[in-house]
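Heads up, there are several structures right after this.
Note that chain A is present in both complexes that follow, paired respectively with chain B and with chain C.
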Partner chain A sequence: MQDQPMTGYESQVQALIGTLPGTDDLRAQALEAFEAEGFPTAKTEDWRYSDIRALRKQVYGLAAPAETLPVLPEPLGAVSARFVFVNGHYDEDQSDLGDLWQTVQIRPLANHFMANAERANELVRGDDAISYLNTALLRDGLVLSVPAGVVIDAPIEVLHMMTGAEGAATHIRHVVELGEGAKATVVERFLGDETGYWTNALFQARVAEGASLSHIRVQEEGANALHTAKAYVNIDAEGSYTSVGLSVGGKTARFEAHVRLLGEEACAVVDGVALAASGQSHDTFSHVSHTVPAATSDQIFRTIADSRGKTSFAGKVTVAKDAQKTEADQSFKALVFDKTAEANAKPELEIFADDVKCSHGATVGELDAKAIYYLTSRGIDPATARQMLVAAFTAAALERVPAEDVKAAMADRIDAWMTARSVKAVA
Partner chain B sequence: MSMLKIKDLHVSVADKEIVKGLDLEIKAGEVHAIMGLNGAGKSTLANTIAGRDDYTVTKGTIEFEGKDLLALEPHERVGEGIFLGFQYPVEIPGVSNLNFLRTALNSVRRYRGLEDMSAAEFMKLVRAKAAELKMDPDMLKRFVNVGFSGGEKKRNEMVQMSVLDPKLAVLDETDSGLDIDALRTVAEGINAQRRDDTAILLITHYQRLLSYVQPDVVHVMIDGRIVKSGGKELALELEEKGYADVA
Partner chain C sequence: MAGTAEAQKQISEVTGDYKYGFVTDIESERAPKGLSEDVVRFISAKKGEPEWMLDWRLKAYAAWQKMEEPDWARVNYPKIDYNDIYYYSAPKKKDGPKSLDEVDPELLETYAKLGIPLREQEVLAGVQGSAKVAVDAVFDSVSVATTFREELKKAGVIFMSISEAIREYPDMVKKYLASVVPVRDNYFAALNCAVFSDGTFVYVPKGVRCPMELSTYFRINAENTGQFERTLIVADEGAYVSYLEGCTAPMRDENQLHAAVVELVALDDAEIKYSTVQNWYPGDKNGKGGIYNFVTKRALCKGKNSKVSWTQVETGSAVTWKYPSCVLQGDGSVGEFYSVAVTNNYQQADTGTKMIHMGANTRSTIISKGISAGKSQNTYRGLVKVLSGADNVRNYTQCDSLLVSSECGAHTVPYIEVKNPSAQIEHEATTSKVSEDQLFYCRSRGLDEEEAVAMIVNGFCKDVMQHLPMEFAVEAQKLLGISLEGSVG
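Let's turn to the complex of A and B:
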């Protein structure tokens, strides 16, 4: 572990001591845990498909505020509020809290802790070096608490933008809480320029009885970025959490969902689409844990790897001894466009109860040449034919995005990715 | 005027010669039928006209309205006015019949320099065509051919043909697997496509279709060649005596 650049992070933590009430001890503990654990290596089983050599080669500094403000894209659809973080710093001017503040608690994490230091106790510490580092170095994020019974219809968009942050990182932390019967959708977007930065995002949520949280992620980081994101979610009885991701950006990207079903009839959905072009790797790791009876989980993943692209999915489901009547399904399908494209799948079921319905399926294949011929024999050009088949292939994994405009925007991005492939094929 | 002109066509599939020197000329306004033993190369010929890329033309030419058809991609051939009704239509999960038809029609229109058809106009057209071919309109919303019965798939091919309105329709055993009523409906669809400015090439095993759609010329294909051509009475003769005695 000597070769690991640890000391650099120590001084970064030092610099943050005293900046955010209630977090000093937590930072110190997390740093200690981080140093004890060390970054994953090529041998770390859960990380074997991710190329994170960059983490071991350099110390990523804390990203400074942007010198020039980038032009922000429009929201993906109708929003009830928009949070903008540029280089991990809350951008008040470009954010818009709408009138949500009247019914729910919604504010930047830094402001929140200034007023409520004790709330820092609720921060999840993490479970590996990368999440510990997030805890040790967090500066800001979104705090959203939706009181019981409050329903927010339009999504809250959280836009992360990285610019001019070569060799720098942002460790952003979002804390979401839904009271009983509350309902909300958070759309996280990740964007950035071509610099070699690191986004290390952590989303923690608590979904109370009968509440329903949708968590949409649209990852379009810059081409040289490292993206690591985690969601830690606890769901009470009859509550539901729906995560739908689209991963297209970055050089190396990984998303982890750690979801615990803590009450009967709680429901977890972890769906996603990942599209890997040459040199990219997109990695998804999910761990859904059924601890009580009669909860359900369902995961639909569709990935596509172009030449020299790589996608991986590892889905772990654990069903505790008492968790009878559990229903857990997992469907993973990958397309590879040629022999140099790679798709990995690793389902892992640990079932200790006996009366459960669990299923999983994983397939890897190519686009159906017969179907392409059939479409072209009706006048459709080959690029459009492929695009149609890819849209059909990915549709099931986007189906559970609750906002139609966001879903359409995600589908558009898949189309655009396919268009870029065929332009390249022609050139 | 000659619409399709095939000269000395040789086609190989997986390095095996299947079509072995075939000549065929079809004029506008004509209906031709090709009959022949299983494995004679009828579908290979049909797919070569449509441009399937794993079928290699090793010799010969195909001209369509004077243009070199072999130089065109499959989708361009459709733009020029060719349609192939498949012997085995393909299932495409996740793509709705409507989306498929609309994308196809607008692709062909763009190829011909026309504007896209509006959604309302398109729906009207498709509903009318489905009704003519007695296809349940609910099937338009389903995924292309997925879970369709054999006969429903063939009817779906006919709907596609009539929406795209080709100059030359090559129908590969569109009559196989149809019940008697469906056969009559499909035959009516083919007859509706029969005009002075269109041509039809029917590939069939059965005289029954030809009693509804009377061909101008009947060809007998054996082992990659057309060995005999004649009038519609040739089909009756084949049905009576079999291929061995006729050809």
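Let's turn to the complex of A and C:
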């Protein structure tokens, strides 16, 4: 524990005191909690499959605004608004709020607190060193409040770009609130250059009665990046939250979903695909908590580990004492492509109610040799055959992306990843 | 299900009280209370152990002092005061018993109450065709009698208490002791190494199929005694042995500690079948008293095509912490784990298995059935690990939990870690309650609710029960019913 550079973050917090109204006390408390907790180690149970040595080796500074603005990719599909953060700073010029501001409250976090300092109390404090640090060092993010009954059809894209930020971090915070019966889709994208930066993102959402929030994550960080992201979501009665993630970038990447079902017939979906190769480690941790009766949750994860890649999935479903009639399902399937690759799974059930239907299934294996043989005997070359099988393998986990163009863009990335594998195999 | 009616009769006979909760009044010889180097020396001296064994124990004791009690399991119990336990308690006797006639009649009566056929005559006089079982009975900490020795000797099978084996077969004990569970493996294993007082040693020579089932019956009698048993079973090339272990303890208000270590070694083509019916005193309805059962059980499938099969029916103990595991080292070796764990009242069980696949073409099967009733907590915790050199590994795991009350908990914590692409790992888990439809069906056929639940639970456990040897299957079925008594309605 001694080698943890904990003290380096104190001065960063000091430098932010007074910059965002209402957050000073919060920062101080979070820093204290962070120092008391310390970064997780290889022995921390919830982090047993994650390699976050980078965090203990160095203190990541706060990323400065980019000197030269990078060229941004096109949106993944039709959008109703686009929010751009470069090195964790809101980039007004490249963002496009469309017409949304007329019906919903949508603005950068910094502006939000300038107008309503007391709203800072609603910020999630976190539950481990990494989330505490996010709270202590948050500077910007998206604030989206959709009033009751308002339906936003096209997704809101939130693009994170990191550039020239060697040894620097961004602790970005998004706050989403959906009023009763409201509906919205947020697509988060993470991109970056080859520098060794750290993205520490935290997404907090409240889904009111009968509302529906889709949260799509496309993680394509640069090859040397550390990516830690958390979502804290509370869902009221008959509300629904659907998270679908695709993790292909970064050196070490971890996504955590902490979802609480707070009202009857609330529904949580946490799906995802992770593809890891060449020393990458992709880790997913979900905790779905059924606190009331008659809520449902469903999780579908598909991961592939190629040479020196590691994928891990830890999914925990908790059913509280009175949460009768709960239905919870988890399906995890992993492919391992060679002997230097690794797949880990820990699908966990914690059940304190008796009238429930909970199940999980997990499988690990390789692509079905018979299926490849069948396809090649029909004249399809082996690389294409493998690509087709992988597309089929991952399809179930992408199925619940509500926007077809976004779903297609995600499938394209899986295809491209497979193409890169077969090019490497031929060479 | 033919056994159900009989099981029901048993239940009404015992009316839900712990059937085995009697105390035998025998003077026992104890080590001074508490744990110190002197106590370790005392135990070693009492057992007439050679110098190397004492050194080994002292090293283990030193290692244990530096270790910390594990806290990761889902069990809660007040901190154990390791200095408030007697580490050695033996029925008072001048010399070790030379034959059954020398064994204290009161002791024999205890076993008779437990229903163990300690006297060979009893078995022989039993129903025609009933299998013969050799028993090594362990009373508190000392092995009191081993039956059927002569017959086993003829087959070349060594079956004796481990203290005898240390004296008579030191080379063999040296070679295998702690070869599967290293001294520093975990806190309770290290403690066991330092203070184990007796246990069983089995060696089945090359190509020998052990002519009868071997059995150990443990019983904790004296107050405040910890029972630290040590079992070591070695099956040489092509050998086969089936081993039964049963456990009971008298009723006591205080908690008693049981920290055993069981090591199994299977060489080429050997097979070991290890069956346990664990029925330690679970504490009363309010969670008072009961046994802390912190046991390390591990098998090494060392040889090619070797096989180890663990079957356990766990109905007793206040707190259980137990993970019978298989290290599948030999190519083509097979590991199996079949488990039923029942918890009622305030019992807590955290149990499961580890299958470590090291060799090529190794296979494992895990079937775990957890039943929670009352206010109990029942956890399955397991690991399936495939190392990168282990090609063509197969594993199938099924963990089902049944909830019988609204105040209990059922938890599943499986770990899957795979580093080889040719592995095929499948894991399934379900949690549900006894279905209203099934209950309704049974009740409309004239069964009362308790009978119906017992029948449904027995059906739920069938996949595991069928792996138990015949003698145990009947007892286990009865136990299931008894354990769940009072949990319905």
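Please note the rule applied: the second predicted complex is superposed on the first by the 427 of 427 C-alpha atoms of A that agree within 3 Å, B and C clash if a C-alpha of one lies under 4 Å from a C-alpha of the other, contacts with A are read in each partner's own complex, and residues count from 1 in each chain.
By our rule, a residue touches a chain if its C-beta (ideal position, glycine included) is under 8 Å from a C-beta of that chain, and two chains touch if they have at least 3 such contacts.
All of these numbers come straight from a predicted model, not from anything done at the bench.
Chain B and chain C, once both complexes are superposed via chain A, fit side by side.
After overlaying the two complexes on the shared chain, residue contacts for A:365 are found with chain C alone; chain B is out of touch. When chain B and chain C are set side by side, the one touching more residues of chain A is C. Put simply, if you stand at the Cα centre of chain A and look at the Cα centres of chain B and chain C, the angle between them is 80 degrees to the nearest 10. Once the two complexes are overlaid on the shared chain, A:347 sits against chain C while remaining clear of chain B.
Of the two partner chains placed around the shared chain by superposition, chain B is the only one that A:395 touches, whereas chain C remains out of contact.
Residue contacts after overlaying the shared chain place A:357 against chain C, while chain B stays out of touching range. Once the two complexes are laid over each other on the shared chain, residue contacts for A:419 go to neither chain B nor chain C.
By the document's definition of touching, of the two partners only chain B reaches A:378; chain C does not. The gap separating chain B from chain C in the superposed three-chain model is 15 Å, by closest C-alpha atoms. No residue of chain A is contacted both by chain B in one complex and by chain C in the other.
Across the interface of their complex, chain B is touched by residues 368, 370-371, 373-382, 384, 388-389, 391-393, 395-396 of chain A. Residue ranges on chain C touching chain A, taken from their complex, read 72, 386, 388-389, 401, 403-433.
Residues 50-53, 73-75, 78-79, 84, 86, 89-90, 92-95, 99-100, 103-105, 107-108, 111, 144, 160, 164 of chain B are the ones that touch chain A when the two sit in their complex. Residues 45, 321, 324, 334-366 of chain A are the ones touching chain C in the complex.
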